[in-house]
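Notes follow the structure.
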């Protein structure tokens, strides 16, 4: 049903209004415009992740959309909170409840965090622009929302989007007198923008690399270069960066990787990676006959978008829930995985669940190939998935309405059956009451780390390398320049 | 299903106090139409096998699964077969979960069944009403509960329709005609119902009072309506009250909604979002549901749950269901989503994909099968290719044959070696002789052009709507959405969804085409018209055949007309159609048009005279006659002789003819003109030559 | 059945070999038992101790007469143990009938053939499992001339299972004992690929399961079998393919090897040399027990190795699939 | 009046109710169709239903002699198993019941004519019992599931069997009983005949006889029995059998408690335990431990087939029917959280990420197979693999009724494929048409991924499981399909 999508699309600007009383109408207009630009930009950026394409976009927003609707309603049911108008909120505002909740739950908060990961519960994700400093550029503001709501998702997509947003903000920037652009821009202008983005959702490895690159580029700008010229130079550089490091790279990778897909292959992939998608489509375009098996998992169901786009392309697709891994690997002949980041010890950081797939494949002696642009390579190393990770709002794990409803009424029946001698005051509760249940924690991790020994090959724009030579590529690509 | 146990436990305690009444269900085993021709010529639809299990099994299983205790099964054609089957099935053993009673009826529509049921006084409490071709695993628990709850509040909540949510496009949902339910969001009451054609401007004419007194209404067009209704006895009463109702939706639902103001009776909708529910009511659905079953959407009603006690299906890799003692040659290849029945054998080098093959079939060497449905005991010769066709029991296809998409080979047909059965041809050995209302099935003449030398069977000529169905079947098989098929006949066709009587069906398309002629009628009245038309024309036709006394026919006609306050022109149309049909019928029987006309009309002049008095009436009558004859064998001849007789009997005067002739509608289309061509001289003679008129005609002719 | 003329000096070894040659289907353990029985019947020990003593002597004699007595000893030990179990017992009464030494002896002497028949039945029984283990589109890896394995595969083939076979045949001597089986299978329309042992690792990915015969099943559930089995098992294990040992239960040996060189037999496989001499040894025909004794020509080495239990997924005996861990229980039960 | 009809959507509870008034044949048929419709599913409900049904069957049977009864129960069993082969609990229970009957029949025959002959040997704890067993084809076959699973030629066994007689008792007397051999009524002290089988005295009768059943047991010399004592004896056979079955029912009731008893031996303070699905057994186990110790539970939700139940369990504790897996178990208990245990709910995908910090994985199987491998809710294999990779011990809690003597020849055949609409909504027309959505319900977990089994008889290693299985099923019964 396309309704929700369209709904959310239209709803955006209006819904934005109540949220930001501080903004003057003028700013509002600017913001809305910026927003649109940001989006269009990303769309235009074809090599950018297709999930920002209208179609992908739709597919994407559906799932969360439903979720947030009933969630909003439910929340308003359970703890009535002023913004129960959230019902109508567009997708990107969704998690605002969650952090509203967090505020409400201040006392219990500690108990709701899994100690193991307490280092990851940084400040709650920002979903409003309340208190965002004035000089945050609207484009960046917009981007922030899109990221926090997975509207823009996927490491490289976010990276691209960010750079484009920076382009705009740089253009909008004027060096104050008696400042050199190279001095001021970074520390006083760019940094707040970046911090803002971080507050919306922790930045990805690629973004980090890009930022580092940008900063030191700016730093190098000749102080007595006229401002406009400097800005144009920077923008030009950014475009080049995006083009070289991502657009072209993706092409290169897709070509190399698609060569790995042989006739009659059964390709197994997990979730959705833009490069993997490109690779598959490429291979299909090359006229190779093969089958794709997609394993997917809650709560994001990214694999479903992939499946949809592949099936539309006419590829034979099989779709399994995460529990079907064993079934999947039994038939698979090749595993293709995308990456969030490649760590210097050859380990792969990617969407949570990837490691399980790799392990299963490894056990079955099926080659595991990771597709990853060098911009996602990192000098960091980690052994487990706990130190470096990201914790998403637990609310995302709530079940869609109908199931919930179903559960509810079965619960109520249980009530009848048991005459309300329940430990906690009778009422049969659903997961949504988790905040009120002491000792219950819901953990919604974003990534996990796949041991290097499960990975046979990493394909980046420099060609195919064993995981062991990730650091080499990293130096070459991200520090060499 | 887990919660049920507990629910069951709790609720039943509660239930014990209240006196126990068995849950009853009515199964309408008949589809009063023939979209499954030629198969339905020899077998009732509910016994056709889907994934190698007769449809009725699914339905009964569904009822058993929802805890039904008494089932009444209505059957009016091939009843013996139905009875025979059921009497040997587990449903009639004393171990059966419910008592099953088969009711023979002569009814020609759902309405009749309902009325009959009402008279029989079998129904004590609320009951579930389903068709004999429903495949479903949804739980009625919720629906029943809510229905009950409503009843307690308000006795007027007489019915709950169980509808399955399905997306915008869905293979198991009818693509021809979207049923559109307007539902009050909080009471779940269905406040308006319409059938919309896809690709039409989606205009609903919702009565404004509806909009007025309902705060929030959902307009749902994304629902699969598989005719599962939870009814109260009042429903039956309703049916009886208005004896011209035929279809549960178009008539009943609509009717009840109509006089809501007066009777305050409400019908509710229960939208299910879990489980499976579908009706196998046309070939497209057959294809879709089969595939659903094989890919387990109907779980647990999947092949390997072996509904029938003698089945031994077992699922193996790649969604292949095999029964024991299936013989596969070493080099044969069984692709995914395939079902193979007991003792079926595949020859060397044969490749089968997405196909369902029944028992004891012999598939030769190097045969290619994709999306084929083969029932029991068929034999396919070496090197044949079969795509998306249905091959019935005992068919034998020779070597090197090619059966193309949408082809249907009915029982016992045999195709000679090297023959190609082109797309959408329906080959059969028997055809239904449109005799007296009990249709007798006769062997047809083999047509070598179709089945090749030494083959057996001929092509069953198709009416428009059936072609649609075939397209549909193909569409289904090709996994494409149904593409443009914008002839108005499919409006009628889907409109008849639930009914389209055995005999009436060929007329419905006419009335459709006619509908376009008399296009000033609003959709609403047109519907009634269509109704009245079928009823009337049928009854007249039958009595004509039986040679009833014209006066009685006249009376009947009156009664009918009163009941569904139909206009004169409708009556005229009915009469005209009836006559033309009768004549055609005689002609088919081998009479010459002349005698046919004589035999049909002469004795019944009064009938005609009664309805054509004024000149324009006569003209209209002629027009009706002409329009209908367009589709009849030897239409033009018939028209000639008919006009002649009418003239000589002066039932129609010269002016009548003249007006008719001048009426542009009579020369609206090519074939209309063709039909009346022969009558020209006659008319000229009658009207007396009038030059410019000739020219007109000439113009028309070109 | 030629009974040696002179009872006083009974040529046990002779009988043994004679039996084997006379009946190609006979396996070593059974042959051993048979010959012992002949001995018993030939010279009539009158007392229990005498009998046991005699059997003991003959056994040692027999064992020493062949180079690799492992599989043979399975039979002799079984026989001795049986006597012990039945003779050294307070002559108690069961079901009224008094079973004493004479009965036992008579029973044994009279039914020599019966035992053989049972042994063969055992093989047939095992073969019948074929259809359960081998499924459509399987690829079976096997090696050696084990008649049980052969029978098992044949059964499957006859049952119309659509599988393929990879047969490992040793390169040097192409009159390898696998060939009769290979040809039978091919006759039955089963595609068979033959590969040298060196190609095992390479082809392992295609394999779905492996079957091997055994000379003896040792106490810890491991097996002693023709040289190369160990290697095969390791490869299969590494590739995660199940390894099934097919062996009649009378091949269970009371032997607990700790490693390859702990089999209690001398195999000079490793011959370090500087010159050409002795190199010819590798040519030494590797044989499976059955065939080895089939043409029991001396001088022919039967080289075996030991496959530890953790590499074995299951042992198919005439009475079912045993986990290696179940074997020791079996033997324990006999010897204690 | 539909109200009454609502609860009548068939299910375990309604079925048990119906048993009272339905006649046997109907109940059987009903159970069969419930199995087919998956309206009774998962081990425990199936087991419960089966015991109740068989209880009625036996009760209704007017037996002339045990063998007839056995035959009858066998037939019923065969039909039930055929209805849903993947619910192995059904077959297990049937076998157990058959075991009971045989047991009773034999004891009965001892009474009839065995005793005078049996020498009370000090070594044999239960001389009567061991002595009077029907001859077993071979000891091994007893724990060789294949023996049963395969449609086996009985000739060899028969030969061996019929020939064992003379030696059996003495053998039995010969050696000490093996551990576990006398654990349960079905456990037969292994007779030494196994490897000797080929040496036994030849059978007088044809070697191609059908396997001996208790009735035709060669143990009893054909003593012509007077009619009247036959009658009386048969009567108490029936009574005893019924007792036996009731014992079985009790066993089913207490199984979780028994398993839970050993909780404290396995869970220490402050450890982090990972579990999966809403299994009642596991919950009970943890709850028991929670009374004494504090630890953390990480709960994977088992999407898509059991996650709702899992959530319900976590939030509301155990409740009848709360776990799909455990419908029919009527114990209730507080949620772990209310006992001060920290429960962390995670999606299945996060298992690997967390495994490095987990101390133990505790799982409940759907069925445990003869070779120590098991079937469990889909996803279990993934978890077990992750655990193995991180060297985390995997503990499996399984009632004996879940142990099946079936040998997994082709594991894929054992796996049930469920309703895809749990993964992707049926309403998504395009998707469900163009994409093959598959929803496996079970996973097969290899025995080497399991470190410990805890049954209601105590803990044991996967490698020894065969013995426990052997103790509970009679060789003759392993293959129900054999006539």
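Letters A, B, C and D mark the chains as written, and numbering starts fresh at 1 in each.
Here is the rule we use: contacts are C-beta pairs under 8 Å (C-beta built on N, C-alpha and C of every residue); 3 or more make two chains touch, one makes a residue touch a chain.
What you are looking at is a predicted structure, and each value in this text was computed from that prediction instead of being measured.
C-D versus A-D: which interface comes out with more C-beta contact pairs?
A-D
What chain sits nearest the middle when you go by CA atom centres?
D
If I average the CA coordinates per chain, which chain comes out farthest from subunit B?
Centre of mass proxy via C-alpha means gives C as farthest from subunit B.
Taking each chain's centre as the mean position of its Cα atoms, how many Å separate subunit B from subunit D?
One centre to the other, that is 51 Å.
Please report how many Å separate the Cα centroid of subunit C from that of subunit D, as a whole number.
Between these chains, centre-to-centre, one finds 36 Å.
Would you kindly tell me how far, in whole Å, the mean C-alpha position of subunit D lies from that of subunit A?
Going by mean C-alpha positions, subunit A sits 47 Å from subunit D.
Do you know which subunit B residues sit against two or more other chains?
3, 6-7, 9-11, 167-168, 222, 273-274
For subunit D, which residues are shared contacts with two or more other chains?
320-321, 412, 430, 434, 436-437, 439, in rising order.
In the complex of these two chains, what residues of subunit B are touching subunit C?
Subunit B residues touching subunit C: 327-328, 330.
List the residues on subunit D that touch subunit B in their complex, please.
Those residues of subunit D that touch subunit B are 1-14, 17, 23, 25-26, 28-30, 33, 36-39, 41, 45, 83-84, 309, 320-321, 323-324, 327-328, 412-413, 417-421, 425-430, 432-434, 436-437, 439.
Using the touch rule from the top, collect the residues of subunit B that touch subunit D in their complex.
1-12, 14-15, 18-23, 61, 64-69, 90, 93-97, 125-126, 139-141, 144-145, 147-148, 151, 164-171, 173, 222, 230, 273-276, 295-297, 299-300, 305-307, 314-317, 319, 336, 479
Sort out for me which residues of subunit C touch subunit A in the complex.
Going by the criterion above, the answer is residues 205, 239-240.
Which residues of subunit A touch subunit D in the complex?
Residue positions touching the partner: 114, 116, 297-299, 304, 307-308, 311-312, 316-327, 330, 351-353, 355-356, 359-360, 363, 383-386, 389, 397, 399, 403, 406-407, 410-411, 414, 417-418, 422-424, 428-431, 433-434, 437-445, 447-449, 451.
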